[in-house]
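Here the chain labels run A, B and C in written order, and each chain numbers its own residues starting at 1.
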């Protein structure tokens, strides 16, 4: 057994969890408001930038609270200025509006918080660890940071899954995603729901921004991580929280493995499109993603 | 006096099930050429499912359909359309983004031959074809008396007019068999009489065989040559309207039995 | 007073189906066409021609192509710049290996290859719909991004990865001058617009719109989904491919794969949505918007005398652009073409209020 494969695999899985974290924000918003929020990546960047600059002037716990408050404020603003006026428009219009939000946030965040590359250090150790020494000679090399990130992401996902399935608000969110007008007619306050959902997505973006920012440094390329999360969504299904996790794992592992094993034949650098092609192949077999809701069309 | 011919479409022991529910249970129906056949029955009896099977939207698990001598079990809807079967729907299935005229013109698509290269140039054969079809569609528009709403996007039309436009689109296909799914749903008495007159005219002038699903007993008794009654996926009566009306099975199904 | 249809009766179906049934519209359009072909090349400055008009014309062609797919056939495509790249690189390779071939034929070949790529990457649309399809089209974007960087044959083994277009000579005439470039693009735009308009008001247009509005119901009138969707992808990608070749040869002169990145795809999509989905006229408005707004935004801080770093100006551009997009979507989701149509309606009554 080639232990190098296992190492690459585990590295890929851990990266996959981080992709899943970004995808989670997409799924939340889509589940609850049927909007495909292309701005999720920019929200991660915005949150991370806010946190990093706040940390310069206040201690970490306070900075975290302040950053969370900012994201909640952002949710209010988006609901008021973008979602409410566009409430019954076609899907593509809302999608384009979120792309508009992406541009706006990119520019706004960087003009407000600066566009240098900031280091984000939360005190999470980044030591390389050797695991499984007893089972496998030489052990598997992983980064402690990646492990902590995976744990954090896993916890977050578990909490959110329970939230959606078991609570009253979760049910209301699912009702809103299904049919705005019907939800309103049973008394569900649409606007409150949207603010809640976008706030939660904003907080998820904050966590994702922290993790990616710690890994890569807080810089513009974090916003592009969203583009990596899209194949995860395709694979797992736009409406499924567990799908985001499974999709993330598959994409993360697939990416790393393909880079190592297919890369040399194809000239390298296939990471960018491999995930998409992989997701595409899965979609051809299951057009709604692995765990997504079947799109039933009736005449 | 119209001549009702041999069966043009025969459904032979069609069985259709969704999961645990059997929508159609070994149903055999024959539709004869030039006749008006009404399908009635309580809600959920399987009437729309039967049309969907004829049309190709649903594929039955057992049984066959014989259309003009050719037997098959499953068919794609566009094949059924190409073979001469046209359909209207309970919830009007019009193309909401297009005008009345364009919607009915889409019914002519099967007859249009000029490929996209001719169309790109437009002047010449493609234009001739377009104008010829436009002339035929205008005749249908006259027949249905919807000239005034020719250029209105159908999304803005009231329900009754939308149903008429949908009928126009089906007619534009010059079908041999026209399947109408509750063509009079949601109409008042006047509108129903208009629609009845239209259906009879279509049958008379064009000789089109018509199968319709309808709940209004008065309409059914008035215009149909034959009535088929379905109940919970089974056929419980099949014959001229006067016979079916007094059949004990039908009365039991509709009114219930005395205990 | 001027814009009245009174007295204009259409006495044949042909007249009714004309592109501009109203006489005033016809006159207006001929006037603009005359102005564009005859006056502008001589009157406009070199800067205006090269920096504003040429990109506008080429982007309008691309927008027409994308609108056919997204606006008329309802298939969202996020990877359109990839097909521009295919058109550009294939055209370049043809000029490298067959330098004697007429440039128009070269563009045609580029377009055909783009059409083929469009069909291949459009195949998933038969199974996948909606957002899933939109994301799937990004596969085309990233794949071609990678292909043109990693496979050196396409760039003729250039070490820097960037390539240059040959001189623009067609039938012995040089189109190198700004006016020449402008006229070349204007000519091709006119052809593209006419072809698109003809397709859209005929059989293909109806097939596409039926597929867009209700693809299940479209089958009952005999439309085959395969034919409808793939034809849209093919024809759309053909036009986009030609616009890509023009963008590279006529506007940029020399380029690298980054010229056709995902930003360009989004810019195309914006043009089509803001201009108006399902409207050929809207393509012109959208292209104008995307061309003019960034230039305008660039000048504003300087004009107001505010000293800002270039990075800051760029950030403000992004912010304003994003805000404008959201603003226009709120004000008129059907795009600038709809605003124009509303304006025309008002003009029919003017100067009376009702």
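One rule holds in what follows: a residue touches a chain if its C-beta (ideal position, glycine included) is under 8 Å from a C-beta of that chain, and two chains touch if they have at least 3 such contacts.
A quick note: this is a predicted structure, and the numbers were derived from the prediction, not measured.
**Student:** Which chain is in the middle, if each chain's centre is the mean of its C-alpha atoms?
**Tutor:** When every chain is reduced to its C-alpha mean, the one closest to the whole-protein mean is C.
**Student:** Which chains share more C-beta contacts than any other pair?
**Tutor:** A-C
**Student:** Just the number, please: Cα centre separation of chain A and chain B in whole Å.
**Tutor:** About 49 Å, centre to centre.
**Student:** As a quick test, compute the distance in whole Å between the mean CA positions of chain B and chain C.
**Tutor:** The computed centroid separation for chain B versus chain C comes out at 42 Å.
**Student:** Using mean C-alpha positions as chain centres, tell me how far chain A is from chain C in Å, no decimals.
**Tutor:** 33
**Student:** Of all the residues in chain A, which ones touch at least 2 other chains?
**Tutor:** Within chain A, the residues that touch at least two other chains are 299.
**Student:** Can you list the residues of chain C that touch 2 or more other chains?
**Tutor:** As it turns out, chain C has residues touching two or more other chains at 214, 216-217.
**Student:** Would you please write down the residue numbers of chain B that are in contact with two or more other chains?
**Tutor:** Touching at least two other chains: 57, 89, 93.
**Student:** Of all residues in chain C, which touch chain B in the complex?
**Tutor:** Within the complex, chain C contacts chain B at residues 13-14, 17, 195, 198-199, 202-204, 206-207, 209-210, 212-214, 216-224, 231, 235, 278.
**Student:** Using the touch rule from the top, collect the residues of chain B that touch chain C in their complex.
**Tutor:** 55-57, 76-78, 80-82, 86-87, 89, 93-98, 102, 105-107, 109-110, 112, 114, 116, 119-122, 126-127, 130-131, 134-135, 138, 169, 173
**Student:** Using the touch rule from the top, collect the residues of chain C that touch chain A in their complex.
**Tutor:** 70, 76, 124, 127-132, 134-136, 138-139, 142-143, 145-146, 149-151, 214, 216-217, 262, 266, 269-270, 273, 277, 311-312, 314-326, 329-330, 333
**Student:** Could you pull out which chain A residues touch chain C in their complex?
**Tutor:** Answer in residue numbers: 36, 81-82, 85-86, 89-93, 95-97, 99-108, 110-111, 115, 227, 230-231, 233-234, 238, 266-270, 272-273, 276-277, 279-280, 283-284, 287-289, 295, 297, 299.
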